Amino acid sequence: MAEITSPSPYRRWRKPPLIKNPWLRWGVVIGALVYLALAISSVSVDSARIARGLERGGRMIAAFLQPDFVSRWDDIQIGVLESLTMTVVSTIAGVLLSVPIGLGAARNIVPTPIYLICRGIITLSRTFQEVVIAIVFVVMFGFGPLAGVCTLAFATIGFLAKLLAEDIEEIDPAPLEAIRATGAGWLKTITYAVMPQVSARLVGLSVYRFDINLRESAIVGIVGAGGIGSTLQTTFNRYDYDVAGAILIIIITLVMMTELVSAQIRKRLQ
Amino acid sequence: MLRIEQLVKRYPTGDTALRGVSLSVAEGQVVALIGPSGAGKSTLIRCVNRLVEPTSGKIWLRDTEITALHPRQLRRIRRRIGMIFQEYALVERLSVMENVLSGRLGYVNFWQSWFRRFPQTDIDQAFTLLDRVGLSDFIDKRADELSGGQRQRVGIARALIQSPDLLLVDEPTASLDPKTSRQIMRLITELARERGLAVIINIHDVPLAQMFVQRIVGLRAGEIVYDGPPDGLTPDRLSEIYGAEDWGASQATTAEQEPSLTAQE
Amino acid sequence: MPVRIANNGKIWQRYDTTTRLRLWGGWLGGTVITLICWQLIANRTRWEFAADAPRQLAIFLQRVFPPDWSYINQLWQPLWDTLTIATLGTLLAVIIALPLSFLAARNTTPHPVIRYLTLLIIVVSRSVNSLIWALIIVAITGPGVLAGIIAIALRSIGFIGKLAFESVEETSREPVEAITATGASRLQVLSYSILPQVMPSFAGISIFRWDINIREATVIGLVGAGGIGLNLNATVNLLRWDQAGMIFVVIFGLVLISEAISARVRQAII
């Protein structure tokens, strides 16, 4: 077939590099490699300990495959029930708190001082992992699920109020002005011009946060804030891996089920 | 050189796209395939390189029976069949050069292609083709920065760098404005003539096909209902292919040398 | 929004009767469930402690402020470890999750059975919290940074894998067809038509998870998996709240910096 006989001079082609400046390019590459080398070398690996651990890992897997739901069923039942109730209450409370704080954190509808306070609360909640927050609430309320509920509700604010505020900042300003022009007060403006534009997404995000809260409710117990977490930690400390396996299976099943349900709900909302 | 015998394609949904199509294309011949949407044009050319698996029937390219090939042999024969697409089907985030060189993938091994180390002969060919289709200034531009006509030129270069024996062209102008459409059709037919390629062009724009192509095949509901020269397409024939319509208007314009660009469809 | 004809004119109501009944039922049911859940939590709360919360908070704040600034000198190593855990853990997860995503995506999977196995791995990884993974891994490898890296990686595989395979499923089909038609092999089709389409979202997802992992890495030390959480655990157990306060300050700074970095990098990619 027609082979191309190239009359054009010998022309080279190389894929142009992602970063044009060679100094910067090699700087980034070498910097990354040096960091990786330092990071890896700072990880101490005790191979004898791991060898012993692998044997334990084998026992653990065997135990997970024959989970023991029975022998500590009472503890498991209480823990799981606590986790579930904590999830429900904290999500509801979190949503109720997120709406005013989210409104307050939207630059286009509130004065600056309120904006700064609400943003501050959100940043505080987003920065600290749930367990760190739980430590503080346990100090305040003592051990038990109430601290867990407060933790998860507070963490919900950081997630929900932030996204709500971002949504509100992006709403169409025309209805806002139209309702204001009718002489409506601030509250009426919010209910008629702002909430209709963001409410569907708010419900979707709340359902999504329910999933997250369920997952987190399984761990805040590690610092004493209620739920299945403390039972789980105890089983590990006592090497009761068959009970631990049972708890893990329950957690995974619950998370999967709520995720399926919430995916359905969110799909219907769209 | 291409022989299709009694080709049938039935989709799992139960729709029959092709009902025993037989067709031969000679060396260097350019054929336009016309017909209404859903007539099976697209399915027919995709059966030739088995992007769509035919239900029954045989396809021969020279003395190779395409329909009997194993996956590895099929990849080998696909290198000899270039394809040009309606929506250009470029990889948007790759550069023009990378898109053109992707036509050589069947000839290089995986690591060569991964590190973009194509043989210098391929790169020479790519430069020559890009000069030929008028894109030498866009070599390291990303494909999504180009206009529709420019993208289709990249698509043409990608198909031709395969050094194909046969070119399959699927609605090359459907996403282009009338002027660019004619430029692209002219480019494809000229390149085919230069290289002595056999070409099958799916096209719904009858006047455009009549302008550039010597043989037209009409497809209706998966069957060939016309096979002949462009001027044999009388209003009666067109009605047979597309259903009843007043064809006079468009016939009148195509009779002229430069038909009005608005009188298409 | 139906309009009803009553004896003296039209009456407008927002919803028709059945929808209204359903809405009422939903609200009623939701309220009842929340109240029951709240009752369970209230029963398990020692209210005399909870009533004391404001005073406890005041005491807590007094002890935290001012933080023990000199304690920072002992925190550089834990900080480095926290960063290492987050970065290497994310890297490990990326290396495993991205190939998995091609096995899990409907359009690139070699076989439906492999697809379901991969989806199972992703679901299990996602459902179990980093802290729980850390509990499991610490039991095998012993406490330390290595356990943290593995725990973070195990949780992140599911997160990255899920988002990544969804973006693989959203790629457009035309380039795949075109590259296949050139006679390219399966791997070449993947690397030339699908990979360029998903590369930006892969990078975005990985950076996003790195940002989350910094936060997670601050707490997995609570169960012995290395990082600044080890110090947090020790100071809380010793009731050295001034030192704990310093740790809070350090975590706050670390998270703010990592968030700024990830925002910059994501902006550069998109």
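We call the chains A, B and C, going by the order they appear; numbering starts again at 1 in every chain.
Note that a contact is a pair of C-beta atoms (placed from the backbone, for glycine too) under 8 Å apart; a residue touches a chain by one contact, two chains touch by 3 or more.
In this text, all values refer to a predicted model and were calculated from it rather than measured experimentally.
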item	value
Topology of the chain contact graph, where touching chains are joined (line, ring, star, complete, other)	complete
Chain separated most widely from subunit C, comparing mean CA positions	B
Centroid spacing, where centroids are CA-atom means, of subunit A and subunit C in whole angstrom	4
Cα-centroid distance, subunit A relative to subunit B, in whole angstrom	50
Centroid spacing, where centroids are CA-atom means, of subunit B and subunit C in whole angstrom	48
Shared interface positions of subunit C, touching two or more other chains	none
For subunit B, residues contacting two or more additional chains	98
Sites on subunit A at which at least two other chains make contact	none
In the complex, subunit B residues that touch subunit A	80, 95, 97-98, 116, 120-121, 123-129, 131, 139-140, 163-165, 194-197
Contact footprint of subunit C on subunit A as seen in their complex	35, 39-40, 42-46, 49-50, 53-54, 56-57, 60, 81-82, 84-86, 88-89, 92, 127-129, 131-132, 135-136, 139-142, 144-146, 149, 215-216, 218-219, 222-223, 226, 229, 232-233, 236, 248, 251-252, 255-256
Contact set on subunit C toward subunit B in their complex	174-175, 177-185, 187-188, 191-193, 196-197, 199-200
Contact set on subunit C toward subunit A in their complex	30, 33-34, 36-38, 40-42, 44-46, 49-50, 53, 56-57, 60, 80-81, 83-84, 87-88, 123-124, 126-129, 131-132, 135-136, 139-142, 144-146, 149, 215-216, 218-219, 222-223, 232, 236, 244, 248, 251-252, 255-256
Contact set on subunit B toward subunit C in their complex	49, 51, 75-79, 81-83, 85, 87-94, 98, 102-106, 110, 113-114, 155, 158, 162, 168
